[in-house]
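Note that subunit A is present in both complexes that follow, paired respectively with subunit B and with subunit C.
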Partner chain A sequence: MTGLMGLDRRVIGRWALTAAAALTMLYILLPLVSVIWLSFYRQEIPSFPPEGYSVHWYGVIAGNQRFVDGLLLSVQLGVSATAIGLAVGVPAALCLSRFRFPGREALNNVLLLPLMVPGVVLGTALYVFHVEAEIATGGNLPIIGSTLGLLSGHVLVVIPWIVRLVLASLAGFDRTLEEAAMNLGADRWTTFRRITMPGILPGVVAGAMFGFVASFGNLEMSLFLVGPGRTTLPIAILQYLEWKIDPSIAAVSVVQIVLIGAAMLITDRFVKISRVV
Partner chain B sequence: MARLQLNQLSKRYGDFFAARDVTLDVADGEFLVLLGPSGCGKTTTLRMIAGFIEPTSGMVRLGDNDVTRLPAWKRNTGLVFQSYALFPHLTVNQNVAFGLEMRKTPKAEADQRVAEALELVRLGHLGDRLPRQLSGGQQQRVALARALVFRPDVLLLDEPLSNLDAKLRQEVRVEIRRLQQALSLTTVMVTHDQEEALTMADRLVVMSEGRVRQVGTQRDLYERPADRFVAGFVGRSSFLEGTLETPERFRTRGGLAVACRGTTTGPAGMALRPERVMVTPEPVAGADNDFPGEVEFVSYLGGLIDLHIRLSPADVVIAQIPNREEGFMPKAGDKVHVGWTVASASVFPGAGEDPDPTDLPPA
Partner chain C sequence: MAAGATTAVSVEERGGSRLSAAALIGPATFIVAAGLLIPILILFRYSLDLYEARRFVVEGYTLANYIKFFSDDYYLGVFYTTVKIALLCTFACLILGFPLAYALARTRTRFKNILIMLVVLPLFVGNAVRAAGWMTLLGSRGMINAGLIGFGIVDEPVEMMFTEGAVIVGIIAVNLPFMVLTLQSVIESIDRAVEEAAFSLGAGPWHMFWRVLWPLALPGIIAGVILTFILGMNAYATPVLLGGPEFKMLAPLVFGQMQLGNWPFGAAVSFILMTTTLVLTATSGYLMHKRYRR
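After this line comes the complex of A and B, so read on.
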């Protein structure tokens, strides 16, 4: 009797789990699928059912200079911000995990802050700071609306991701490996390069990827930092939407999704992201 | 290989000494084992030799060089970690080659030496595997090969066998000793397993609370323990407490007069090896010491039998006798005679209900 009930419970449990997983997948995938679908509509006004299909809208966005420039700027920003973020974030994570010093907790929190502060607040703060800096230097530091100002903002967005994920993989790293290397004659730098770095590489790669995605998709903060004529892709999309809704927006989104998806797949080939995050 | 000398080596954390005035002289090619209870400073001492812990005071000499202030990577020591610490992203060959690579050994020579080292630990066929594809015993041997291949001045082993099962431990023990002798490696091994220590070492160092209690061969430690701690830690002893009335006569708390070889007078303890205590049905004529007693407790150990024998209300000794079919076999409650020679008892000055190592002078 109890055995039968136990069996029933197991079967029900498995069904419930499958159903929950399917619902979650649906919830995540439905918008993605709809956007992709929409991008292939032939008509201009997105109405259901579609009148027919075409790749026409991809041609339209390729001819739209604002989208093309926006994409280029966003990629450049994302790559540079990630590179700088790595140069700052990896050593910072190492210090945080290896050394006990006064203010360590504070530094740890400060490095996380850009993740928790709303983008609008971050953007406003940076904008005000830029204005103040320009006034203080008597206009010798033309930072308002400059690419440098925008880049520094994006670095802030990237750093928390890198620090978090590198810290996570450092926590799982066996430090006796470093001692073993030193015992075999490797100095500190060689030990880091040959032993520590390969050990924490999954975290570094994952951190870089998430950082890049965060920078690439950032809208709110960037709105405060872009200069005239220089817009990132998310801003270009927003501006387009202000006066027009047609499937070209969906096509741009698909381009974004494909880019980010490709980045994920490529990184996953080198390190199993699911092992780190 | 080289001679290793530690001179008054200490490590202090706050006001706690993890190691205190450790002085050792390990001859070229000697196998020295550090033995002691958990937390006595064995690992600390070993890591000071390897250069991972900076000594608070004292000196480490390797061969003719003072290496006390040298960083780990500039000392030529080969350390085998308890957890093996093989590099997970490198193959067995690459792991073993690492030390040679750091020493800029030419590739061809390095390849050959790696192959030789792996052959030496009988793993020549597994060079292309990753560490996680090896069993615990195999990983252990890779770690050994990796530590040996660059011909270190001294081989350091921190409980190298503690992660292996009992049978494998036996095998690897023999393996390590064989290699050590064949290559005549100056070796310092840490263990808290007595049997391991006794079967492998040329000489043993007994440590307790950061201090060296005694250094000597198995026989030295067993026959002539330097203090109560060593008498109780190496092998087994049962203790009689009392007073030395003269250097040759020890009066137990229960009032027995025991002939012995002391050096002083005053409060003292006497340690007896259970297997040196003779048990007979009748008094033994001409024995150094002979006392009547009653068997209180019999503990059956298979080939051997432990007898707890009460000699007086305050004195109990443990005797160990072989388990034979014929012959004298006392039961609990039996009246027996117990005897031992003057030479087989050790007498330590100082009072003590139980041996308290803290108030003893360093060995």
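After this line comes the complex of A and C, so read on.
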């Protein structure tokens, strides 16, 4: 009897759990669903229910230079920052996993630091740093608000993701494979290219994707670093929303959602996202 | 290329290994040290300077900016609001996030990967986009008000935008995925057999949760709580867009002060924000470890 009641309680418990889980899922997705919905309203004023549906807002934003430029700048920044991040981050992760030296743990923490520092503090610090650097160079180098300054900030944001995820995949990598390759006569570079790299590829791909997304979506830090007349897509969206909300900004948001969704799906083909997050 | 040439150096090979280790990690360390640590030191130096409207930044060694913050009711109010909202949102994320994290960790459907991607996607699309979604929902002619009026619950639209409630709802939604993903990974590592063992020994679901699952998941719970608290403290886009221009939390305050040109005060508020976050997370982590270590 008690056993049966215990089972009942478990069944009820499971239903309650599933319902609660579904509600939380709905809560997380609700803002995305509503913004996608708004982008198809026919009228400009976002009053619900809409008078009708249309896709013409997508045409409107394609002609808006601010959004197009913002998107281009964000993609350029994301790609360049990720490339630089990979070039310095993958070797750093290799070093951290292969060598034992005093201060190794501290170095690891330093490399993860940009994730810990709040975006606004990072932006403020980089801004005053750029000002000081420009003063120190006698104002000959335009640093404040320059694309190079913005890019250096984005590289900082990308590095921790790459180091972390490559380090994680190196932890599960069997090093005897490398020794076997070297015993069979492969040199170090060949061993890295043919054995190590394929082994840690999931971590590299995941690190690159997370790094790109962190850079692409960065808002707080970039706010301090963009120059006049040049903004990234998230900043363009924020500044528009501070003024008003309408279906055109919703359409811009949908473009961002689709781009990031696509990046996730492509990454998922290389490495299951559920295993790296 | 240097990377490839040195990767296969085994730990035993001491000759030259120090050099190759330095070559591997040097560039990344240089970028982070020069690009982050030095700027933060400069920022701290600025926070000790003075600001005069006519002369801009005046060099000095003074705690005046910090004293100003903690002796002014307006700034103290911003401080309390920020801490309060961060704590509230963290608590809500834990309660709302746990069931979903558990369901995701234990599900056997083949859609698991898709479900997890649906949690990650909102996280990746950025705070401004999600704030746009909430603006659509919460506006006076938005979906929620249309529903409330349609069902005859209210006659006039309820003012939901530009309120503290809107900010809280928005921040919880922003931080939930972080909590869910952190908890999910730790629950997944807990052997299902221990749950079955608790059940077969007569524990109900509630008992099983408190006596078995919670203690075992505690490291993940602490990690998730710390992460969401930090994010709540530093929220920028959500309070700006859903709270409106009058509503202030610490991160928007820093940006506002820097824009006004009062860099020393902006720098001081930056450090207050960073230090408060670090101290509160360290204390909560310590207390939770101590409380549940048996």
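Here is the rule we go by: the second predicted complex is superposed on the first by the 262 of 277 C-alpha atoms of A that agree within 3 Å, B and C clash if a C-alpha of one lies under 4 Å from a C-alpha of the other, contacts with A are read in each partner's own complex, and residues count from 1 in each chain.
Definition applied: contacts are C-beta pairs under 8 Å (C-beta built on N, C-alpha and C of every residue); 3 or more make two chains touch, one makes a residue touch a chain.
As the structure is a prediction and not an experimental result, all values here were calculated from the model.
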{"item": "Touching partner for A:Ala251 - first (subunit B), second (subunit C), both, neither", "value": "neither"}
{"item": "Touched partner set for A:Pro234, first subunit B, second subunit C, both or neither", "value": "second"}
{"item": "Subunit A residues touched - subunit C or subunit B, whichever exceeds", "value": "C"}
{"item": "Touched partner set for A:Met182, first subunit B, second subunit C, both or neither", "value": "both"}
{"item": "Touched partner set for A:Thr124, first subunit B, second subunit C, both or neither", "value": "second"}
{"item": "Subunit B versus subunit C as contact partner of A:Val204, first or second or both or neither", "value": "neither"}
{"item": "First (subunit B), second (subunit C), both or neither touched by A:Asp174", "value": "first"}
{"item": "Contacts on subunit A seen with subunit B and repeated with subunit C across the two complexes", "value": "179, 182, 191"}
{"item": "Footprint of subunit A on subunit B - complex, ascending", "value": "50-52, 71-74, 77-79, 81, 83, 85-89, 98-99, 102-103, 146-147, 150"}
{"item": "Subunit A - residues contacting subunit B, complex", "value": "174, 176-177, 179-187, 190-191, 194-195, 198-199"}
{"item": "Footprint of subunit C on subunit A - complex, ascending", "value": "2, 6, 9-10, 13-14, 17-18, 20-21, 23-25, 27-35, 37-38, 45-49, 87-92, 94-96, 98-101, 107, 110-111, 113-114, 116-129, 132, 152-153, 155-156, 159, 163, 178-179, 182, 188-189, 191-193, 196, 213, 217, 219-220, 223-224, 234, 237-238, 241-242, 245, 249-250, 253, 256-257, 260-261, 264-265, 268, 272-274, 277"}
{"item": "Sites on subunit C touched by subunit A in the complex", "value": "1-11, 17-18, 21, 23-25, 27-29, 31-33, 35-40, 42-43, 46, 96-97, 99-100, 102-104, 112-113, 115-122, 124-137, 139, 141-143, 145-146, 170, 172-173, 176-177, 180-181, 185, 199, 202, 204-206, 230, 233-234, 236-237, 240-241, 251, 254-255, 258, 263, 266-267, 270-271, 273-274, 277"}
